[in-house]
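The structure appears below as structure tokens.
Chain lettering (A, B, C and D) follows the sequence in which the chains are written, and residue indices restart at 1 in each chain.
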Amino acid sequence: MATETARPPVAEGPDAQHLTRDDRVELLRYMLLMRGIEERAMNLYRQGKVPGSFYDGYGQEAVSAGACFAMAPEDRLCILHRDLAAHLIRGVTPTRILAQYMGREGGITRGRDGNVHFGDKEVGCVGMVSMLPDMMLVATGMAMAFKAQGQQRCALTWFGDGSTSRGDWHEAMNWAGVQRLPVIFILENNQYAYSTPLSQQFAVNPVERAAAYGFPGFAVDGNDAEAMFEAVRQARERALAGDGPTMIEAVTMRMHGHAAHDDMKYVPKEQVEEWRQKDPIERQERRLVELGVDVDALRAEVKAAIDAATEEALQSPMPDPATATEGVFCTDPEPDILGDGVPRWSGFLKGA
Amino acid sequence: MATETARPPVAEGPDAQHLTRDDRVELLRYMLLMRGIEERAMNLYRQGKVPGSFYDGYGQEAVSAGACFAMAPEDRLCILHRDLAAHLIRGVTPTRILAQYMGREGGITRGRDGNVHFGDKEVGCVGMVSMLPDMMLVATGMAMAFKAQGQQRCALTWFGDGSTSRGDWHEAMNWAGVQRLPVIFILENNQYAYSTPLSQQFAVNPVERAAAYGFPGFAVDGNDAEAMFEAVRQARERALAGDGPTMIEAVTMRMHGHAAHDDMKYVPKEQVEEWRQKDPIERQERRLVELGVDVDALRAEVKAAIDAATEEALQSPMPDPATATEGVFCTDPEPDILGDGVPRWSGFLKGA
Amino acid sequence: MATMTYLQAISDGLRQEMRADQRVMVMGEDIGVFGGAFKVTDGFIAEFGPDRVMDTPLAESGIVGTAIGAAVVGLRPVCEMQFSDFIACGFDQLVNVAGKMHYRQGLAVPITVRLPSGGGFSGGPFHSQNPEAWFMQSPGIKVVAPSTAEDAKGLMISAIRDPNPVCYMEHKHLYRRIKGEVPDGIYETPFTARVAREGTELTIVTYGAMVHTALEATEDLDGASVEVLDLRSLVPLDTEAILASVRKTSKVLIVDEANRTCAAGAEVAAVIAEHAFEDLDGPVTRIATPDVPIPFSPPLEQAVLPSVDRVKEAARELLAY
Amino acid sequence: MATMTYLQAISDGLRQEMRADQRVMVMGEDIGVFGGAFKVTDGFIAEFGPDRVMDTPLAESGIVGTAIGAAVVGLRPVCEMQFSDFIACGFDQLVNVAGKMHYRQGLAVPITVRLPSGGGFSGGPFHSQNPEAWFMQSPGIKVVAPSTAEDAKGLMISAIRDPNPVCYMEHKHLYRRIKGEVPDGIYETPFTARVAREGTELTIVTYGAMVHTALEATEDLDGASVEVLDLRSLVPLDTEAILASVRKTSKVLIVDEANRTCAAGAEVAAVIAEHAFEDLDGPVTRIATPDVPIPFSPPLEQAVLPSVDRVKEAARELLAY
């Protein structure tokens, strides 16, 4: 088992074979967008414009950006609370995300649900529920349907280290393993579950458990978007080849508190400092600077997009209270199912 | 991990060090009692005297007899549906068991619950619920209390191969592992979960998973009562020494249908035939005959006990319908907690 | 038309809809090769193959959760709980994932959860429950409960075709006891109440197995004219039909096999007390199982389940009120 | 006597009982070092140590299930759900293992499950529920719901001392908003209703946060004399107190924050409709949250939760009836 718990078999460094220069810029773009939107949202939260609480994925941008970039339009995803880049890559606009945070009519859930609890069905995503890690089973079910219908598609979901303690995690792992389903599970190991450190969650790292369910588990540097991409790209190939699920541990760190109110006193300062050196965005920037990319221009572009999106989101009205009880049930006998995402990776464009 | 999934480190053959001749006879006695009571109950069922359905553990007698024999009076157990010998060893009389099956006032649950869903609190047992494997968590909680209070005691429960697919199994395994609790988990691998063969339940044998929770898992011949005893004796020593949980896979076979109504057409005849050769009672008898024990006399003794118990159980009245709604809530502010079992293994008598 | 048992009618509805719609699949423990604990899917795996008749691991949360996943990508899964009691193990996926999905994000979850429920045959505390009220209390889940063979088939088809999560309560004690004429082919039974017997002096509002108890109890009740309303659907609840009947008879008895507190019967009583106050000529009377786990032993079980005699007695009292 | 918030009173009750009884332990996610998501157990781990103040893995079934195990060998565990909504994940252990244990085998399960519940602050569909009726529908589980600081402490102590599983509904929206005088030391609040305000013309039956909504709405309602009955305990339900009040006033309004169908309010209405029929001078009126997941956005949330204005309006209508 231990032999499979390793980095996936990739050459060190950026994977020139699969990622073009443009792809690598896109990866940075979505990470910058994620960070920028979340920073903006935090400001809006402080101004009282974001109701409820606010969760972000600061420092974990590579986990969702790298993984989602490797997923095809026809694949399906359940995106977690620290994975904003995945929504962006699938095709959700920053405006709708900011409107979502502010509970506006223009948000993905039209004010019905809050902050990170959303998914855009138009682009193939099921919004997470709060109960962690329930979406593991939903992703498994999507993969089950793909396999039952003989389709060449796969499903992917993320889950946190803490959530691996819950029963649904196991039911999904076992189900996916015994049925050899085309599903990719990404363990977002950010060292904490709220205030609880890994040592109080499990005695053995969950990635070591993958083999106990009959499929491989790999640990990947979660702060390296390109490594994440490559690991997921390979996992997807395995899934499509009929070789079943893969679990990928993205080793990272939750750099902010659990939510806006949490000062994370329980995290040793040195731990945060150590991880600050490994910032995933700076890392990708360094690579691109070496390639001669004008990173400052990209940053400016992203900032401008977020500024415009903020303006637009603020224009979106609050939902009409008269509609509050509408939509509990679906009334269309043939409702839409999940739609396709936007192809981002050049590999999908070539194929098309 | 694989290195730990092995037989526990025991010399082959009966363990003369720990089991006296009398102990070995007792093991046989309880297996015979279990089989005899269940056969009797099946007759009573066919006569319409046992309401509902009926489940038995034919062919699996060694699993509960061997394991329970190694548990001290102050230990605590959650006993499963194919583990009747454990109830007997703890001190429940055959009369009460037969009355239980027949829904009589004299049964352990006084007709409130049926067939195998019982446990006698007086002798340290919590009756199983139908939802499998819920009792894993209850046993884990008992162990948690022992550890929190610094007590030298341990908890044990059994669970079926099929039930390992459910979330509670994982929550218990993980909890026990991360807290290093004095609990023993016995996987009763009888090849089927109702009609479902192992291959549709999991890709990797659950005993292989123990290491993924940070504790050892051993496979034991579940049709050898003495091997079961020895494995549990060692697991208990580890638990009491503070070395945490142990999982023991009892490899056995469900020789009857899932319940009385099931003709198990789905089980290949050869599989049943093969296992018939490994009958746990015949095996223990052969050993004792070699030691010069009069096994026929023992059989006669057991049969007489069951005859008498049947008579007595049939005398027990049906419960009074006027009491049907009583006892939903406990009204005693300081109710009894679980009591001690009867010391059966000579090792406990010596110690006392 | 053919005469079928309630159980056969369920099977027939399922089978016909699977033939009509490739998206429909069934999944659950022991439903494939074995044909299900009650044999509802007997022979299905031979006809439809293991991809559409799926033997699952023993994992109720897994069954409901994966069904949701399959539904949102286009299938129409019908999940079987081996006994309705086990839905407690899949509760979270049903109420939190399936029930809230459409409201939150406009994504439909067309799954049907078959819940073999009810007591009467010494199933004991874990094989006799009527858990429908848990789901009535959980927004976004429809709940239906057929009492006849005809409705068992029709409601099965409607449930599968409904684009929402539907709990299909099938009463085990009706499986082989109740027979009836069942139309051939495909038809949908609406999620509305049905007048099982017309009457003018007293309304009995009930559903599931208790419809038969109510009919039997009032078949010949001193010549009184008793209306029996079979709700068939609990969510949506046909309050119009309930109120119309009460307005006509002015007296109402509610018979519910579930544990009394906060059960479907409580909701019906509350609706009547609020909206038919002016029409009532007697107290809104409830018969239900007291708040006790269903005991195993026959005399105890018979003592707690609503009986023909208790219904008779309560009906007589109300008629005389 | 000291003035405390509702939240401080919960902590005080817990702390005092932990000092008084070595068997009492608290367990839950992030309740130790962090002191709990709402800081109810702030400082506890320093005083009582990690064996009695246990940070658990993220596993609600595990929390309830291990608490049951600890209880039957002699401890008195108090489990915290981080939000009451998460009890859906520990549902089976609570209703099937804990709730049925004493009836089945005479073994007591003295656990208290703390359920921070209720909406009003944009918690959204998964952090705003009032799930008490699920447990009222499940035999063997007591359910209490304090509305004042004094009762929050007293009911906490009574819940821990009760030898049965008790769901302790603590309304998050009262945590810091409600303050009051709280007696020092240890005292037990009985599981009975409390008259929050005496009155003669109309009874409002309610509990939890809605007690304050009801009091505010009828503080000065055109000079009408409105009685507000705070149930405090839902199981057992103090039907005597309810009926006594209704007999006095002849009119009743039930205010319940939970989703309407099959909620506590439905049960109260059903009890009144059956047992106070002769005493009623108007329909049994219910105000509750419609059957909808609690929306996140403030205007939507405010539109569904029972408001002071809605209570006023319904009360006026009933008074004029």
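Criterion: contacts are C-beta pairs under 8 Å (C-beta built on N, C-alpha and C of every residue); 3 or more make two chains touch, one makes a residue touch a chain.
Nothing here was measured: the structure is a model prediction, and the numbers come from that model.
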{"item": "Set of chains whose contacts include both chain D and chain C", "value": "A, B"}
{"item": "Chain whose Cα centroid lies at the greatest distance from that of chain C", "value": "A"}
{"item": "Separation of mean Cα positions, chain D and chain B [Å, integer]", "value": "40"}
{"item": "Distance between the centres, which are taken as Cα means, of chain C and chain B, whole angstrom", "value": "37"}
{"item": "Whole-Å gap between the CA centroids of chain A and chain B", "value": "45"}
{"item": "Multi-chain contact sites of chain D, meaning residues that touch two or more partners", "value": "57, 59, 61-62, 85, 88-89, 92, 96, 100, 103-104, 125-126, 139-140, 291-293, 295"}
{"item": "Residue numbers of chain B (touch at least two other chains)", "value": "109, 112-113, 117, 129-131, 165-168, 171, 174-175, 178, 200-202, 328"}
{"item": "Pairwise touch network: line, ring, star, complete, or other", "value": "complete"}
{"item": "Residues of chain C touching chain D in the complex", "value": "85, 88-89, 91-92, 95-96, 99-100, 103-104, 125-126, 131, 133-134, 136-140, 235, 237, 258-259, 261-267, 269-270, 272-275, 277-278, 280, 282-286, 291-293, 295"}
{"item": "Complex contacts: residues of chain B adjacent to chain A", "value": "1-2, 164-171, 174-175, 177-178, 180, 199-204, 208-209, 211-215"}
{"item": "Footprint of chain D on chain B - complex, ascending", "value": "76, 108-109, 112-113, 117-121, 126-127, 129-131, 134-149, 155, 167-168, 171-172, 174-175, 178, 327-338"}
{"item": "Residue numbers on chain A that touch chain D, as the complex places them", "value": "51-52, 103-104, 109, 111-115, 117, 129-132, 162-163, 165-168, 193-196, 200-202, 266, 318-325, 328"}
{"item": "Chain D to chain B touching residues, read off their complex", "value": "25, 51-52, 54, 56-57, 59, 61-62, 64-75, 92-93, 96-97, 100-108, 110, 139-140, 142, 161-164"}
